[in-house]
Amino acid sequence: MDKELSSIHYDKYLQLNKILDAQKLRSEEFEKPAHDEMLFIIVHQVYELWFKEIIHDLNSVMDIFKPEIVEEKKIGIAISRLDRIAKIQKILVDQIDIIETMTPLDFLDFRNYLLPASGFQSFQFRQLEVSLGLKRENRISYTQCAYSGVFSQEEQDILHQIEAGDSMFGLVEKWLERIPFLKFEKFDFLTEYRKAVDKMITIEQEAINGADYITAQEKHFRLGMLTETNKYFQTVFDEDLHNQKVANGELKLSYKATISALLINLYRDEPILRQPFLFLQKLIDIDELLTSWRNRHAQMVLRTLGQKIGTGGSSGFDYLKKTADKHRIFYDLHNISTLLIPRSELPEMPESLKKKLNFNFSNKS
Amino acid sequence: MDKELSSIHYDKYLQLNKILDAQKLRSEEFEKPAHDEMLFIIVHQVYELWFKEIIHDLNSVMDIFKPEIVEEKKIGIAISRLDRIAKIQKILVDQIDIIETMTPLDFLDFRNYLLPASGFQSFQFRQLEVSLGLKRENRISYTQCAYSGVFSQEEQDILHQIEAGDSMFGLVEKWLERIPFLKFEKFDFLTEYRKAVDKMITIEQEAINGADYITAQEKHFRLGMLTETNKYFQTVFDEDLHNQKVANGELKLSYKATISALLINLYRDEPILRQPFLFLQKLIDIDELLTSWRNRHAQMVLRTLGQKIGTGGSSGFDYLKKTADKHRIFYDLHNISTLLIPRSELPEMPESLKKKLNFNFSNKS
Amino acid sequence: MDKELSSIHYDKYLQLNKILDAQKLRSEEFEKPAHDEMLFIIVHQVYELWFKEIIHDLNSVMDIFKPEIVEEKKIGIAISRLDRIAKIQKILVDQIDIIETMTPLDFLDFRNYLLPASGFQSFQFRQLEVSLGLKRENRISYTQCAYSGVFSQEEQDILHQIEAGDSMFGLVEKWLERIPFLKFEKFDFLTEYRKAVDKMITIEQEAINGADYITAQEKHFRLGMLTETNKYFQTVFDEDLHNQKVANGELKLSYKATISALLINLYRDEPILRQPFLFLQKLIDIDELLTSWRNRHAQMVLRTLGQKIGTGGSSGFDYLKKTADKHRIFYDLHNISTLLIPRSELPEMPESLKKKLNFNFSNKS
Amino acid sequence: MDKELSSIHYDKYLQLNKILDAQKLRSEEFEKPAHDEMLFIIVHQVYELWFKEIIHDLNSVMDIFKPEIVEEKKIGIAISRLDRIAKIQKILVDQIDIIETMTPLDFLDFRNYLLPASGFQSFQFRQLEVSLGLKRENRISYTQCAYSGVFSQEEQDILHQIEAGDSMFGLVEKWLERIPFLKFEKFDFLTEYRKAVDKMITIEQEAINGADYITAQEKHFRLGMLTETNKYFQTVFDEDLHNQKVANGELKLSYKATISALLINLYRDEPILRQPFLFLQKLIDIDELLTSWRNRHAQMVLRTLGQKIGTGGSSGFDYLKKTADKHRIFYDLHNISTLLIPRSELPEMPESLKKKLNFNFSNKS
């Protein structure tokens, strides 16, 4: 114990000799010092540090979900870690305000010295995307080059290795598929849910038909939209249709995992489902914040570079804007909302199942 | 003076009897009280209050820019007011976090009672968009109905009246067109700027050609992009081309206003141009924050409703996502960045002009 | 069902006729319109709306904790509601940025018309403080008047009634006192905890004594601080001492409730304790955000008014600064940290108890 | 030009080999890996990177204010740089949310390995405080040691050197003292201001006396407060009294600088005073954000450590709370608000002076 106590010092512990000695301005090297290049370097280094932390947390969550049986007590820890990631992401979005204090003209003072480096060349960011579950084939290609082309062979190998293994998406999917409450004794969730949906749609239809305060045209329009809505529900009752949509890329999450996610969302107040519900919510938070970051990043690039080619040789704005939409990982979890029905219509679980979902200890006993 | 002092009281001044008595839960009316409906009402009321303040500030800024001669000392005030709008918008975006504490299932508890009301029916928000300069013809139509169809005749009349008058965009455009420094004695800004651009492009071209560390393919690719960039510059030297782009909707800002905005951006450090520069920056901030709000709003709608039709009968997510891109007002100001050149290449202004742009009082005199 | 569908409209539902017609500028009444008075009014109205929502949520959480037996499934809901309150508070702090766009000079344009109204006269804010558990006797008096003096008789009666009933603090205290896991068969939490603490203190002592890299003076100093730390631990082992500290106002939470809160913090990973742990965390969040709000509010007042008397006749800065420190409600929960010991030192719970704290359903069975 | 283009690569440019290789977990070294130690290290490294950027910006602003004659066009740049500092500070405050995801128990997993390192040992933070103008004698001592005791001899020398030179506070003070508009031809600012103040106080007095709706007691109370307010004003008219207050530490800013700051605040709409006004505002922003950071930091420490001694051997909470109040730098600028008078009472400047404060170029000419 003595050893460690004897040596630790703030600067040394944080290795500030490295951290604070890693800002070498290209513009200074070429004797045209540009004040804002310091910001440019530091802001990117800060991003990389946070990426490292995010990957550290994400990996630990993935480790929790790798075993066949996920320990109940660990789900709470997983949620905390995801929550940390979300809080970091929030800062990653907000600190774009700092970058934007560098005006386009300030950037031009040193932009030429940076070519052909590019903001898109963060290996850790790619690693993060792949770990979350972004598939090579769903990726919007930025240039004609493969997305990993800018990385070293070693880095490319790591990316391939991660892709070959489990992603957060894949682990969550398998875990959802294993959730054992879809059929319990006489309770068949899907059958009960279908009845409730049919009833709900009928009521809405009647309401629209009976509403004498709207025009025939509006009535027609709204009935049409209800039909559209109904289509979403039908997917849930037709495994083949679902699989077809997965095949053509419209959906990503497997049929069984989708049904489990739906059950968790609907019966989230049962004690054993509370943490799984919160866990799924956090995945959505993270996806949403990633989208926010991409949107905000795109705007910043538009502002700083206009439609001009970025460092690295690309019109960054258009590319980034597209990824915001297309690089979502957990879209299917977001979209569970489409399938929800009001609590008042929710099929009651049998008492015996409810008891299973509660704690051993009971205040009432 | 005595009169007013005699009557004022916190509650009465703020008319809290009205403000705090305006939350009537539909779900309670139908005897199925849904806890979260209170949040739903209050959050919308808060938005409307902030919209009122934004419109109040925006109108005051427009008043400043209406006269032929905009008083120098008022530009500072205009900037402060726009800055306030931006800070309010920041909160409007951030407080979506509050709305998202209402889960989709919580929303379903009272959603049915709200039909066919819709979040898109905020008259003040339409008023704000129109005042900023969003034109009817540039608006993405949400349904087959005209965008103003949900409003009363009186409200529609007001919208038409605003559209018929000056918008913030229009006022700024005219003000920019009047900026008198484009030609000054022997200094012709555009001629000098063209020389600088040509020189810069040539240098970049040579750098790429001479770079022996990149492949022929990459070289080809990057020269191609430089050519693309060059095209943007050419628009500035060709008024007809610019006008053509305005005609077909690619650009909105007039030729002369664009050149003035460019001059302000390039020579922003001259005292008389500092405030105009900051003013243009704030307009961009506001546009950017409006885009952030739309993006964030779209995500929230996806999360709460999925692809289900929204209150009001629409799949809000797709619509909102599109408006984020297309309903920008000051895109042309953002895009000035494309036309900037490094300070090192900036044509020097003649001393006599610089003096004109400085204060009467001089430390040196 | 038809009835409600037939009538609802965005404006009417939100009662915008009231909301947007509640801004009457005093400065306009006296024909010296001050632009920023609109902001002043609206910002206060927004605060009052959010206060209403917070009280709505807080009351619902208190209702959950009022029964002798708190339903497990409702704790999750309570946490969500507290989380919503925290998110609203975050916005309440952040939107002070908006108020600060009103400079002191702008405020002076209409300050005179407001006398003697005061920002401290929010009835809802008092109600909130009292509901949380702020006691009259712990309140810093602002002027020589009683704190409720500015309110109407009816309002004062309501405050008294709330004070006479259960506060959030009181309900949490009682709930903690009822937590049944402090003694379970042969496991006596306090005995085990004491052993662990003694061991830990001894180790730290030895480490300091054995550290030959620090000066004798430093050693003396650090041993002194360790002794100080130890004193905090001792309170936990001495109910009388604890009660004495409660009596003299140093502590607020009862002895038994404190021990339970400690147990929850230490064994929070056991499934049945997870939600209680998160619940206590949220109470701390709320307390912390209330403190942040007071600090930020104080700064804003200093900036706007300086040390000048505020509207309402007080030097607001000093008063507000003091309340930030002294009006904490859940300080004792914060301070549980002082009593924590590392997980590595944590006494192991017997398996039979762990099983009680887990779910009926088991993956392993 | 070829040389630089040939070598640059994202990773190398950012020196990620250093940045991402500087996280060595002590807990891993001792084979008890604690997951959250990574966060602890990274968050501190991020702070240090931002501190470096802040110092970089602050130094550049100080360079602008060092010459006898501060170039008009550079004040705008100084404001932008201070604005960047403020935006960074905002993030420094907000990202405490990230740290707080590390619960006290998580921290205890590795806290022992850190002793006696301390969060207060950031050299850059001390450097920042000293550069801003925090004087050794105004510093609250944390332990019995001198504040610089934890630093190396070399670091201490640097701190002394900075202290011996110009601080931001000192430079601003001198610059304010040189502002030449206090007396201009027949216009004597202080004389005019005094008349206005006297008139204003008289009016307020009469209003209170004449108010028949308040009790005699309340009247007495409010007249008393007005007398207090009046005292603040009197300081401005009595240079000796002011100097006395500076001598005993109540005030810091010199008499002449204070009067200039007052003039700038009152006549900020005159073009030449606009930028100086915004500059002073930014200094207040920075001071305020520093206070926010200290407050928030104190709360975080309370939450994580309770009243337990911190790493480094101190009860951080109490210390940090005190510094929030006492380590303000630009308190005197905040407090200018106390001396403001309404625009309606503002003495009119002579036209000849107004013209001096405007631009050479005039739209009207």
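Order as written gives the chain letters A, B, C and D; numbering starts at 1 within each chain.
Everything below uses one rule, namely that a contact is a pair of C-beta atoms (placed from the backbone, for glycine too) under 8 Å apart; a residue touches a chain by one contact, two chains touch by 3 or more.
These figures come from a predicted structure and were not determined experimentally.
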Over half of the interface residue numbers used by both chain A and chain B, so same, or under half, so different?
-> same
Select the chain at the greatest separation from chain B, using centres from the mean of Cα atoms.
-> C
Distance-wise, how many Å sit between the C-alpha centres of chain B and chain C, to the nearest whole number?
-> 38
Chain centre separation (chain C, chain D; CA means) in Å | 29
Distance between chain centroids, defined by C-alpha means - chain A, chain C (Å) | 32
What are the residue numbers in chain A that touch two or more other chains?
-> 1, 5, 103, 112, 115-116, 207, 268
Chain C partner, complex, touching residues on chain A are 1-2, 5-6, 69-70, 72-73, 76-77, 180, 203, 207, 210-213, 268-272, 274-275, 355-361, 363-364
What residues of chain D sit close enough to touch chain A in their complex?
-> 1, 4-5, 8-11, 13-16, 18-24, 26, 29-30, 35, 38-39, 41-42, 44-46, 48-50, 52-53, 56, 60, 80, 83-84, 87-88, 90-91, 94-95, 97-98, 101, 103, 112-119, 121-124, 150
Provide the residue numbers of chain A that touch chain B in the complex, in ascending order.
-> 32, 103-105, 108-109, 111-112, 115-116, 143-144, 204, 207, 214, 221-222, 225-226, 228-229, 232, 265-266, 268, 281, 284, 288, 291-292, 295-296, 299, 302-309, 313-315, 321, 324-325, 334-344
